[in-house]
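Encoded as structure tokens, the structure appears first; notes follow it.
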Amino acid sequence: MTPSSPFPKPPAAAAVPSSPADGIVTDREATRQAREQQVGQRPGTLTVHEGALPPRLFLTSYDDKTCHEQEYTGRYDELMDFLRAHPGLKHWVDVRGYNDLPLLERMMQDFGLHPLQMEDVLNDYQRAKMEVFDEHRLFMVSRMTDFTANLEVDDDQLSLFTGPNYVLSFQDDYDDCLDALRQRIRSNFSTLRRQPSLYLAYALTDVVLDHYYPTMAAIGDYIERLEEAIFADSRPKRLLNRILRIKKDVVRFRRLVYPERDKIAEILRLPEEIMPESLKIFYRDAYDHAIQALDLAESYRDNISSLTDLYMSDQGNRMNEVMKVLTMISTIFIPLSFVVGLYGMNFQRHDDHGRLLPHNMPELYSPWGYPVVIGLMLFVVVGQIYYFYRKGWLTNR
Amino acid sequence: MTPSSPFPKPPAAAAVPSSPADGIVTDREATRQAREQQVGQRPGTLTVHEGALPPRLFLTSYDDKTCHEQEYTGRYDELMDFLRAHPGLKHWVDVRGYNDLPLLERMMQDFGLHPLQMEDVLNDYQRAKMEVFDEHRLFMVSRMTDFTANLEVDDDQLSLFTGPNYVLSFQDDYDDCLDALRQRIRSNFSTLRRQPSLYLAYALTDVVLDHYYPTMAAIGDYIERLEEAIFADSRPKRLLNRILRIKKDVVRFRRLVYPERDKIAEILRLPEEIMPESLKIFYRDAYDHAIQALDLAESYRDNISSLTDLYMSDQGNRMNEVMKVLTMISTIFIPLSFVVGLYGMNFQRHDDHGRLLPHNMPELYSPWGYPVVIGLMLFVVVGQIYYFYRKGWLTNR
Amino acid sequence: MTPSSPFPKPPAAAAVPSSPADGIVTDREATRQAREQQVGQRPGTLTVHEGALPPRLFLTSYDDKTCHEQEYTGRYDELMDFLRAHPGLKHWVDVRGYNDLPLLERMMQDFGLHPLQMEDVLNDYQRAKMEVFDEHRLFMVSRMTDFTANLEVDDDQLSLFTGPNYVLSFQDDYDDCLDALRQRIRSNFSTLRRQPSLYLAYALTDVVLDHYYPTMAAIGDYIERLEEAIFADSRPKRLLNRILRIKKDVVRFRRLVYPERDKIAEILRLPEEIMPESLKIFYRDAYDHAIQALDLAESYRDNISSLTDLYMSDQGNRMNEVMKVLTMISTIFIPLSFVVGLYGMNFQRHDDHGRLLPHNMPELYSPWGYPVVIGLMLFVVVGQIYYFYRKGWLTNR
Amino acid sequence: MTPSSPFPKPPAAAAVPSSPADGIVTDREATRQAREQQVGQRPGTLTVHEGALPPRLFLTSYDDKTCHEQEYTGRYDELMDFLRAHPGLKHWVDVRGYNDLPLLERMMQDFGLHPLQMEDVLNDYQRAKMEVFDEHRLFMVSRMTDFTANLEVDDDQLSLFTGPNYVLSFQDDYDDCLDALRQRIRSNFSTLRRQPSLYLAYALTDVVLDHYYPTMAAIGDYIERLEEAIFADSRPKRLLNRILRIKKDVVRFRRLVYPERDKIAEILRLPEEIMPESLKIFYRDAYDHAIQALDLAESYRDNISSLTDLYMSDQGNRMNEVMKVLTMISTIFIPLSFVVGLYGMNFQRHDDHGRLLPHNMPELYSPWGYPVVIGLMLFVVVGQIYYFYRKGWLTNR
Amino acid sequence: MTPSSPFPKPPAAAAVPSSPADGIVTDREATRQAREQQVGQRPGTLTVHEGALPPRLFLTSYDDKTCHEQEYTGRYDELMDFLRAHPGLKHWVDVRGYNDLPLLERMMQDFGLHPLQMEDVLNDYQRAKMEVFDEHRLFMVSRMTDFTANLEVDDDQLSLFTGPNYVLSFQDDYDDCLDALRQRIRSNFSTLRRQPSLYLAYALTDVVLDHYYPTMAAIGDYIERLEEAIFADSRPKRLLNRILRIKKDVVRFRRLVYPERDKIAEILRLPEEIMPESLKIFYRDAYDHAIQALDLAESYRDNISSLTDLYMSDQGNRMNEVMKVLTMISTIFIPLSFVVGLYGMNFQRHDDHGRLLPHNMPELYSPWGYPVVIGLMLFVVVGQIYYFYRKGWLTNR
């Protein structure tokens, strides 16, 4: 992981970390998405969701010799002037934050975007997808994942539009996980600068795919810690909840990555004139990465199902142990209690008339009665303990 | 959600709401459907099911300049006259209620509909589907969903026929969830009024899709409340029933939405001359919505299965707790009972001849016998309680 | 359901009906089928299975003006003469019962049937299928279902051969569920009489599909009754068996209907010259029906799986309840028994020499000892009962 | 089943038969196969596995008029001479046993077989498959199944090569299940003798398929007996093992039959010049048979899963029953023990000074104390028994 | 297994072997893979992972007459000189160890390899795949498996590049499992030496496939031992863990082999000019092997799921046994304790005034009271033991 990676491993890694949302196994995020959908609205209506940030504009312009980086926030006209003035450079226009509808509408006009596409950009929950428009331009949506300290799979959207000599990218917050890519552009010897602007779109997609691995690794770490917790003496509270909730996260991750894989597969099927073979070889590599991420997710699903089995079996074992304690105590003491009760009976040695009744509990009148009974009981107890030992009840199975 | 949304969130949302039908996990609606099917009837026979409403007729006629809305209930001839008189306008003929066979038959004739199609319109349980007829006209069936206060997924049918300059829609009750759309038509600046009448058919389908989200959100809310109920101290009665029944609802929802998605996929495969590319871009958007709704449903299914696991495990935990109480009480008191029984034995200090039997329970004659035994028992109890504490039996796991 | 429906709802519907075969969850019918297969026989060998009935012949001849019905049992030659004499009519030759090999062989010759096809007709367990032979003739096998009073899904075979102006149908028993269709032919205004003979083949298939609904409805009724039985106070014996066996029935039904759906899908793919578009529209309707029946079956499968979960959880609850009774009784009385045992100890007030031992159980000699102990025990009992009440153990769950 | 059937129903059918291998649920056969594979060997290397039999050669030559059968074991040259001398006859060369590599190599040369094909013949575990070689010749491998008295699904391999006027078959033991077919060839009126030699290959495949049914029937019988055993009073030992092991057998059977079905499907897709339509009609019949066998296997799998559910639930019921006995005994006697313990307390009637303590257990001094207590206890017992009876605990569930 | 097999059966085969990692059911290898992925790196960047070995170079050159083997470690120039000097020979350049980036870059130049391909070679976790490059050259990745003494499925990567007269292979360690193949090349009569160099690529792939069998056999052995352990008297600790972990291994194996099968299927679809039919026949054989390995893996998965069922049921049985012991002891002794408690009551024979109370426990004063009570209790015990015997509780189920 490079030091500038925006997705550090969650620090709450000591023992099974708990979080405020710990134990929530249902996918409340999904319900929130459903709740925010507007009914009956005109398709293509642009609505900026609450709490959106005002947009910042970044421009990176390069060719194999030069590289120019500048922030144009609030100066969109200047940005367009620069673009028009340098048709020979390749441009990456990076928009972060959506909260400026008039600006977005101007961009739609200037860059020739469809309202439905812009609606997809603003819609936070758009699945990864790819569309060809204007015959040979591409519109791509990717979902970047993150495993938060809160133990949730968080996902952000990266939307891309390609043009003849530019790539337009939209993100909804200022945090930017594309820094590693920016570094590569700055470097003089980067092959990226020699490639057409379409390659930049690939590179952006590839960065998204690369971010799946830290997410998966964090999930994997958590699963390992859950496994250790199952057999810990003091099993943490709501352990099954945590197992089921990480399962929810893995399921969520899969639902995010599957469309990404399908998107890349679709790109690979594009005709030569839209996506040249020399770039497809890179997408084939990306496809391998997406498959590998899904393989990992499958693997985790199997692991979690094994953990659930272990948990349930361990629950059974603990019950078994409780029952063994009860059974041993009862088996040892209930017969003894009978014996002592026996000699607590009040059968009388003499009847009402004072006649000796010799058959009534003569043991009580024997000089060694008490020690013999005590000895007998000790013998029974030792025998029972030996029996339990042989059954393996004393050792903890 | 717009204020005019006909599908408000069910108000019975405080705690896990119960309903008369609460706890019914089998799909009685399905059985009712099966029971109402007629055996051996001629295909294309129009039967109006019991309790159907007399039809009301609404006409909305518009072009980019004018918009005309009128109810023609009982005045079908006038409606047809108006249609014929204004071939330049686009018309939306909205029929609500079916209980007038002669009228329906006249409409079949006037609009060129096939009896089998009209049978599908009247059949309340038709899955979503799309058919091309008369070379380029479309017949579409959609299913609108609702999550009732009764905690059932309710569904109504919307059937559409397209024509050169009109759309014919059929619904079986007067409640109409298409109001949001009507609002859009009324608006002077609506793009809808500039589009061909085929776009209206799309807009109607889109409203149906939009209604899936409030249904899903209501289901999601209910699932969240069920999760909270599992660990509540006083677990409500028949909780598993409720979990299983919401599962039934989700399964039902999926069965309704899958054909909808397939229908749209089929529309996307229609040739250019029936469905122009400029409209397909909207259907592609609708397709994304259908997929997203199905994703949500999958997500809920996973959640419900996790809830079932939690419920079962919690049931086991409660049993475990009962057993621990029993075991602790028994383990503490059964040995003590033995001890007190021991010193309740009647071994005699003297035999029949009055001779002292010194080995018979000398403890009973020692001055500190009783306090020592009491102390011993206290010691054992304290030891046991410490043992249980260490085992974590005293704290609730 | 029409009064002439041959599949009335099973009358044994009061409470969960039991039957001689009640509780048989394995599919013995399947094994019987396997056992009756002949090894090493020449394919196309006609074997009439034991207990087959002698064939009865029925002829229905019609065109749009006339309709002629007659039984020709034992008069096959006359039937053929009639057929040859009226090439302008459409004929439905209905054969019920197979027990006359020479007749069958003559029919094979006269109607140009292949021995393998006739073997399929006689084979009681042929899955639904469709074959084109002689370039444009169709051979179709359908399976009709019935839910018997014995709670089994029963199925009978209907085999059809189409010809230029006739349809040949074969059934293995005299009971005939095609009566509703016969009624329609008799009616003067039936569209059926105006359609080509290929339409009759469709109508026969459609009747078979129609019969799936009463079967499903009967199964659905039974499932509903099972659900009610799970929580009944006196749960009937072998309830899980009944649940599993209705599951077997549903699985069986699905295995019968799947090939039917595939058959119709194949018919829809037939070229125009074999199956004209004007008939395909009807088969498309039939396809919808088959899909709907399968949807119902899926729905029932989900219901049954929910019932199994409920049953298992209820079994756990009942165990829980037993354990609670045991635990409450033990928790209340075992400590009390200890107390009374304590004061049953025989520590002596005086030693062998008559000296007072003041520390030995002074309570026994206090004037209010007994009432105080009784009070103490009452207090403990009340406390425990309050604890159980708070835990919700006294109320049932 | 014909009397000459080589697969009689296993005789060990009384009650649930056990066998030496009873209770082995893992597929040791599969592991044995894996263990015997050679690593790093040249593909096409012929290795005869240990214990192979020396080959016996049988020749059946026929046309529609003559039929000639002879064993040529050890006289391969004579056999080839006969073949060459009678090019007009159709020949079936049947080789049983492989233990003669030089002979096999000569045959490969004489009949033009590929070493990889011969390796497949010798490999005991080859899945069913079909290959076209030399443009229009076929190489087919089938697997014959048997359900042994040892309760295992046993399978043998039948390999076929077709030629212009001959079929070459290879089996690995002398027992031969093709006798039924031989009978049909001998018969003068057999259609088989009029058909081309390719039909013989079909007939051989068909015999293999026919043998699936007795295997399935035997498995079905065993499953039925297992079901009866689950509820038997004295449930046999290791019943779950037996259920799981028959499951293993069914799974194994499916794995054998699936490739067989695929093989036939591939044959049906062969072009007309390799497989004429007149023969394909027979393969279509065989395809139906393979599907039906797989349907049966699916059905058995469902049955076995139901049996597992029943077993588990019955295990729970038995536990429940044990707990009820414990609870009833405890509930009845623990309170009674308390009562008798109560009156076993030694509260003294007089204090150390001889003063009467009237509050100490006056009951003990009442003339009817004892009978009243006995009566009270009887009353409690009767009440409890009535309670248990009402709960249905006395009747078995 | 040949003596030179590099994958001997793990020696730790006595009883269920345990290992340091024993009981780890989660796939930590997968998480390690995820963790090592670099974020944001340029695709095609060559990174040698830590601990890589310095490369050793081996050259095997042959034609049908000569065979020349030599190690060229550190003498890459000499190797290239030899290759260029002998264009008529077929060459196998075998590189083991990657830790020399400059060398790898020179090889990329000399042999015309793409950086992305070399990245796949160095990436330890690349799935099996096949790519065509330079129009007709092949790049293939295979994964070799091993079942370590540590009970893990270990996998190594073999990467191949084909050229006009050479094959280039890369492995990451010096251990080499291709020795069997080398032997075959050395042999004068090997067909391998007569085949084109493309055949060598096949032979290498085939060796990889051959190694799947010892892995599977070792897994199978372990599964068999687990089965025996389930019913062993002293069930080893963490048995379920072991079952679940071998399941993880099988799942892992499947994930390795599936892409291998797909790779071969892709090779079979290559056009004739890249992969001639004469070689495809060998790949078809390899395909059969891959399918068979996957069949085995499926079979093991079924076995493991059966073992889990057995384990769970056995856990239930052991609990049942514990409960039976408790119930029998309680049922026998609790009533007896009541009886002896009964006669331990202190109902007085005389009241405070010395009057005889004849109804108070006259039994205590009867001469045979004690023996009668003892006899009665013996009778009850014998009756109960007989009842338990009849229930089958005494025999171990």
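Each chain carries a letter (A, B, C, D and E) given by its place in the written order, and its residues are counted from 1.
Here is the rule we use: contacts are C-beta pairs under 8 Å (C-beta built on N, C-alpha and C of every residue); 3 or more make two chains touch, one makes a residue touch a chain.
Model, not experiment: these values are computed from the prediction.
Engineer: Over half of the interface residue numbers used by both chain C and chain D, so same, or under half, so different?
Structural biologist: Different; most numbers are used by only one of chain C and chain D.
Engineer: What's the rotation, in steps of 5°, that superposes chain C's Cα atoms on chain E?
Structural biologist: 145
Engineer: Measuring from the mean C-alpha position of chain B to the mean C-alpha position of chain C, what distance in angstrom results?
Structural biologist: Here the centre of chain C sits 26 Å away from the centre of chain B.
Engineer: Using mean CA coordinates as chain centres, what's the chain A-chain C distance in Å?
Structural biologist: Comparing mean C-alpha positions, chain C is 42 Å from chain A.
Engineer: If a residue has to touch 2 or more other chains to count, which residues of chain A qualify?
Structural biologist: Where chain A meets two or more other chains at a single residue, that happens at 316, 319, 323, 326, 330, 334, 337, 341, 344-346, 361.
Engineer: Give the list of chain B residues in touch with chain A in this complex.
Structural biologist: 1-2, 5, 7, 179-181, 183-184, 190-192, 203, 206-207, 210-211, 213-214, 216-217, 220-221, 223-224, 227, 281-282, 284-286, 288, 291-292, 295-296, 298-300, 302-303, 306-307, 309-310, 313, 316-317, 319-320, 323-324, 326-327, 330-331, 334-335, 337-338, 341-342, 344-348, 351-352, 357, 359-361, 392-393, 397
Engineer: Name, in rising order, each residue of chain B that touches chain C in their complex.
Structural biologist: 24-28, 30-31, 33-35, 37-44, 114, 116, 119-120, 125-127, 129, 131, 233-235, 237, 240-241, 244, 247-248, 251-252, 255, 308, 311-312, 315-316, 318-319, 322-323, 325-326, 329-330, 333-334, 336-337, 340-341, 343-346, 349, 356, 361, 363-371, 373
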